[in-house]
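Below you'll find a set of structures to go through.
Shared chain: chain A. Partners: chain B in the first complex, chain C in the second.
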Partner chain A sequence: MTLKELVKIERLKKYFPVQSGVLSRVTNHVKAVDGVDMTISEGETVGLVGESGCGKTTLGKTIIKLLEPTEGSIYFRSDDITGLSPSRMRPYREKMQIVFQDPYGSLNPRMKVESIVSEGLAIHNISTPGERKGIVRELLRTVGLREDALPRYPHEFSGGQRQRIAIARALALNPEFIVCDEPISALDVSVQAQIINLFMELQEKFRLTYLFISHDLRVVRHISDRVAVMYLGKVVELAPSGELYKNPLHPYTRVLISSVPVADPDRQKKMTVLKGDVPSPIDPPAGCSFHPRCPIAVEKCSSVEPELRDAGGGHLVSCHLA
Partner chain B sequence: MESALEIKDLTVSFSSEGRKVEVVSGLSLSVPRGKIVGVVGESGCGKTVTALSVMRLIPEPPGRIEGGEIIFDGADILRSSDRDMRALRGNRISMIFQEPISSLNPVFTVGDQVGESLRTHLNITKKEEKERVIALLKLVGIPAPESRMKNYPHELSGGMSQRVMIAMALACSPEVLIADEPTTALDVTIQAGILELIDDLRVRLGMSVLLITHDLGIIAEVADAVYVMYAGKVVEHAVTRDLFKNPKHPYTVGLLNSIPDLRGLKEKLDAIPGVVPSPGSFPPGCRFQDRCPLAIDKCRNEEPPFSEHAAGHYSACWRADEVTLQV
Partner chain C sequence: MTETKSAGYWGSVWRKFKRDRLALSALIVILLLLFIAVFESFLAGNKPIVLKYEGHYYFPVVFRYSEFFGTNFKELDKKLGPGDFAIFPPVRYSPTENDLNSILNAPSGEHPFGTDDRGRDVLARMIYGARISLSIGFIAVGISAAIGIILGGMAGYYGGTTDFIVSRLFEVMMTFPVFFLILTILAFRDPSIYNIMIVIGATSWTGVARLIRGEFLKLRKFEYVEAAVALGGNDFRVMMKHMLPNALAPVLVDSTFGIAGAILVESGLSFLGFGVPPPDPSWGDVLSQSQRYVDFAWWLVLFPGAAIFLTVTAFNLLGEGFRNSIDPKFTGNE
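Let's turn to the complex of A and B:
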């Protein structure tokens, strides 16, 4: 694999204002993404895991600028795209696509499959209307749907087939980078595997780069080259996926991995149970934000925030005790 | 072993637009006393309808229980009067529903909702009720129960709401607990806690649990025995270890092989081709035949019987003896 950088983010932050009172004054901020650095190389899949509310989706949307970042920088092929106006952002939009979690909510029910998949081509003025039908046909074949899908509406398809349509739409503009936001969570188990395989085939075929967001650690382990673990708006550990699962350094990662049920009745039962809920991202705990739930926290953890540092071999972790 | 709950030959249908569709066909299962029995299957396989039938909560119409028996404490639930059923439901048999957020009533406090079944089923004073509610919330691991009981559902996180649901289900110390995807809407860290809680309560209260899930990992962690459902029917049944080590139905094998491995041992996932059929469009013969790698002509024409292939290991497949984990 080449190590050419495709996407790079530096100290990226996304805060959402919280308004209260009769005057709707901004009284606080939800710190959904709170200073994330990450580099994604060409052809690589970076998995992003964490509990609900940790900021995974917000990070994914901010990277491709579906949300305006509050602070920090985003680079695409070393071009700074952070402050670009919508019109100057356009050429980059072709290159960065997203597949959403819910294939029921993310496809317009009033549009035919043909229009859904070709909409991007029309918006970006690619090819003539006459050629588009051919392109869409080819795309549908690529994602494993039959041509007779063209004149049909989303409701006529199952969840897995809808997700294939959403993938065809994302592929239409020949992107280089795709954010996959929980793309299989809404699907049946037997269908999930089909879609995972499809993502992997497409990556090989079109040299795609993925940011693969999921709460399912098994899926992320399977599909990713490197995995980032998020907790309360921050990346707390990032490592090659084999390394992360074999040798997790952050106590939060250890808990996450040990709480995944394993389909092997002979395994020693050792699900670890984490105390408490994820704290509010409006007012995250001081020091290390994981310290109130951490089984090994010491005094330092409640006052000094650990830096994300390299523990050797590109295994990044932010923990005083790792 | 003595059964706490036994379903015999249950058939349930739903009608829509004048067409009657069988959703559960001739289902039999039994939950031994003090055990956790898992039911696995995908959407539309009839697992939730089975659970609702036990609770007698199938809306009629459009639903209709066409036949079968559900034996609890020596009597057939399906033939008991509505009044008898009300005395049973939430008291001796109770259920945890899948979506905690939408299953709680948004206009009542947590304390009101947990206390409701106590008020309904037991003759207790207001003060006793409050004490019981606090004890229940503590039991399911909710911190500061005295103040939490005054909260409304929107003030709780998903994990907390699910704990409240469990507290409601456990309020009257049921003999049988039906848990329908109790952790599907939750994070893995919370899921581990809820599963541990259910198992702990089973041991302490001697409950019998029917655990419905689509996740074979959960089954492997907590269930004693498993029923695999596909398209309204049970296709395989065995004790948990047998089912995982020596599956005898190609659908079970397909499910096992389509789960990615946390240790990273699988290169490519062996997906089951095709889609889960919806009720009313089940193929003839074996209902799995159009997705099955082992299907032969016989499978397309004749429905395989559900028969015993090894001690206590049942499967509905014509080629059950040829099924191995590496199909």
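Let's turn to the complex of A and C:
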């Protein structure tokens, strides 16, 4: 694997304003993504895990600029794409695509499969309308759908097939980087494995780079080269996936890994259960945002915010005690 | 997957709509009215549709012939030689043809709907009134839908300041009593049919604007809309291809009710004498003549009143049936 940087984000923040009162004044912000640094190399898959509401999806959408970041920078192949206007962003749209979580909501119900998949080609004026049909056919074959899907509407397909259509749409522009936003969590278990395998085949075939967002740790381990763990808008641990599962350093990661169910009724599991709820991302705790729920917190944790530092061998962690 | 032909959204709407008998009969009534409006001059008029005169064929309804200029075709009818013939419309009176010998005649074989105070045939006036009433309904609603879609769409899509300004604008518009606003405007402008269409259209777009704004606010968060943005689609494309088609169904329902409303407003204006200028016939205008003769000329009340009632009811029933057959969460599996 080459280690050429493809996507790099620096101190990326995305705050959503909270309005209240009769005048709808902005009184507060939801800090969905609160200062994330990350580098994704060409050809690798970075898994992104964390519980609901930790900002995984927001981070994914902000990286490909579906959302405008509040602060920080995004680089694609060392081009700063942070402040680009929609028209100047267009060439980069070809390179960065997204596959959404809900295959029922991500396909326009009024469009036929052919126009859904070929829309990117039409937008970027790639090939003639006549040639597009052939390209779409080829794409459908690539994602494992039959050609007779072309004139059909999305509602005629199952969830797994719809997700294949969504993948074909993302592939149409020949992208280098795809954000996979929980692409399998809405699917039946039996279909999940097929879609995961499809993602892995496509990666090999087209040399794709993925940011794979999921809350399913086993899936992420299976597909990822490196895994980032997010908590309350921050990345708390980022390590090669084998290393992360063998030797989790952050107490939150340990809790997450211990909560993965094991299909073995005889095995008594040592499971750490977190006390309390996730604090509000409007007003996150001072110091380490995990400290109110941390089983090993010390006094320093409530006042000093830990930096994400290298604990050796590319294993990054933000914890004073690790 | 079935092997049947893919039915799109409107196919599924139609399948459901077909089962609603009341709405279906309303649709038939409306189609009938449209037919009358389109072919009015073949249904009523004092010129023959086809005339064979001295060996030549003429179509006086469609073309004007200089040799017949100023001819009263009724007289000509009597002058027809052997082999000549004239086919007249079923109602042989023009809506603007005064006949001082038959003023305020009650319905009879000659005038099935009676005559008004100038001896004009009420049935002929109502047939020609259908075109005026329907075109006011459709065009006024077309204008209001266009304004509503553009303003509501911008408010819903861009949000923020745009939304604030547009929302205040339609809140202000909604506080006006529209009918009196229209009366006031028409008092300053001459009440031509076009001014009436424009005024009704320009004052009744708030409903559509609010609907579209709401739909756009909702659709903006849909993943297929985000996917279109991610593909690089510009604002216009995203709005026209992904949002508008999915937001249009409630607007069409609203517009159907809007047509009924516009027809009613036009009738009201004509009744008050601010409507379509004479001698052009409109249903409200026929009705307004009944004011003076209401004690005996019941036909001047009954027929135009029934026509307005039937049309407005038909459009309302159509809108109702349409609302019931559109599926807000279209999935295709009923």
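One rule holds for everything that comes next: the second predicted complex is superposed on the first by the 321 of 322 C-alpha atoms of A that agree within 3 Å, B and C clash if a C-alpha of one lies under 4 Å from a C-alpha of the other, contacts with A are read in each partner's own complex, and residues count from 1 in each chain.
As a working rule, contacts are C-beta pairs under 8 Å (C-beta built on N, C-alpha and C of every residue); 3 or more make two chains touch, one makes a residue touch a chain.
Not measured: the values here are computed from a predicted model.
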| item | value |
| --- | --- |
| Three-chain arrangement built on chain A, chain B and chain C clash or fit | fit |
| Contacts of A:R110 with chain B and chain C, given as first, second, both or neither | second |
| Chain B versus chain C as contact partner of A:V219, first or second or both or neither | first |
| Contacts of A:G242 with chain B and chain C, given as first, second, both or neither | first |
| Chain B versus chain C as contact partner of A:F100, first or second or both or neither | second |
| Chain B versus chain C as contact partner of A:V189, first or second or both or neither | first |
| Partner chain(s) touched by A:K61 [first = chain B, second = chain C, both, neither] | second |
| Angle at chain A between chain B and chain C, C-alpha centres, nearest 10 degrees | 80 |
| First, second, both or neither for A:K13, with chain B first and chain C second | neither |
| Shortest span in Å between Cα atoms of chain B and of chain C, once chain A is used as the common reference | 10 |
| Of all residues in chain B, those that touch chain A in their complex | 42-43, 143, 157-160, 187-193, 195-196, 214-221, 240-241, 244-245, 254-264, 266, 268-273, 275-276, 291 |
| Residue ranges of chain A in contact with chain C within the complex | 61, 64, 66, 86-87, 89-90, 93-94, 96-98, 100-102, 104-112, 119-120, 123-124, 151-153, 155-157, 166, 169, 173 |
| Chain C - residues contacting chain A, complex | 1-2, 6-9, 222-224, 226-235, 237, 241-242, 245-246, 330-333 |
| Interfacial residue positions of chain A with respect to chain B in the complex | 51-52, 158, 160-161, 188-194, 196-197, 200, 215, 217-219, 221-223, 241-242, 245, 255-267, 269, 271-274, 276-278 |
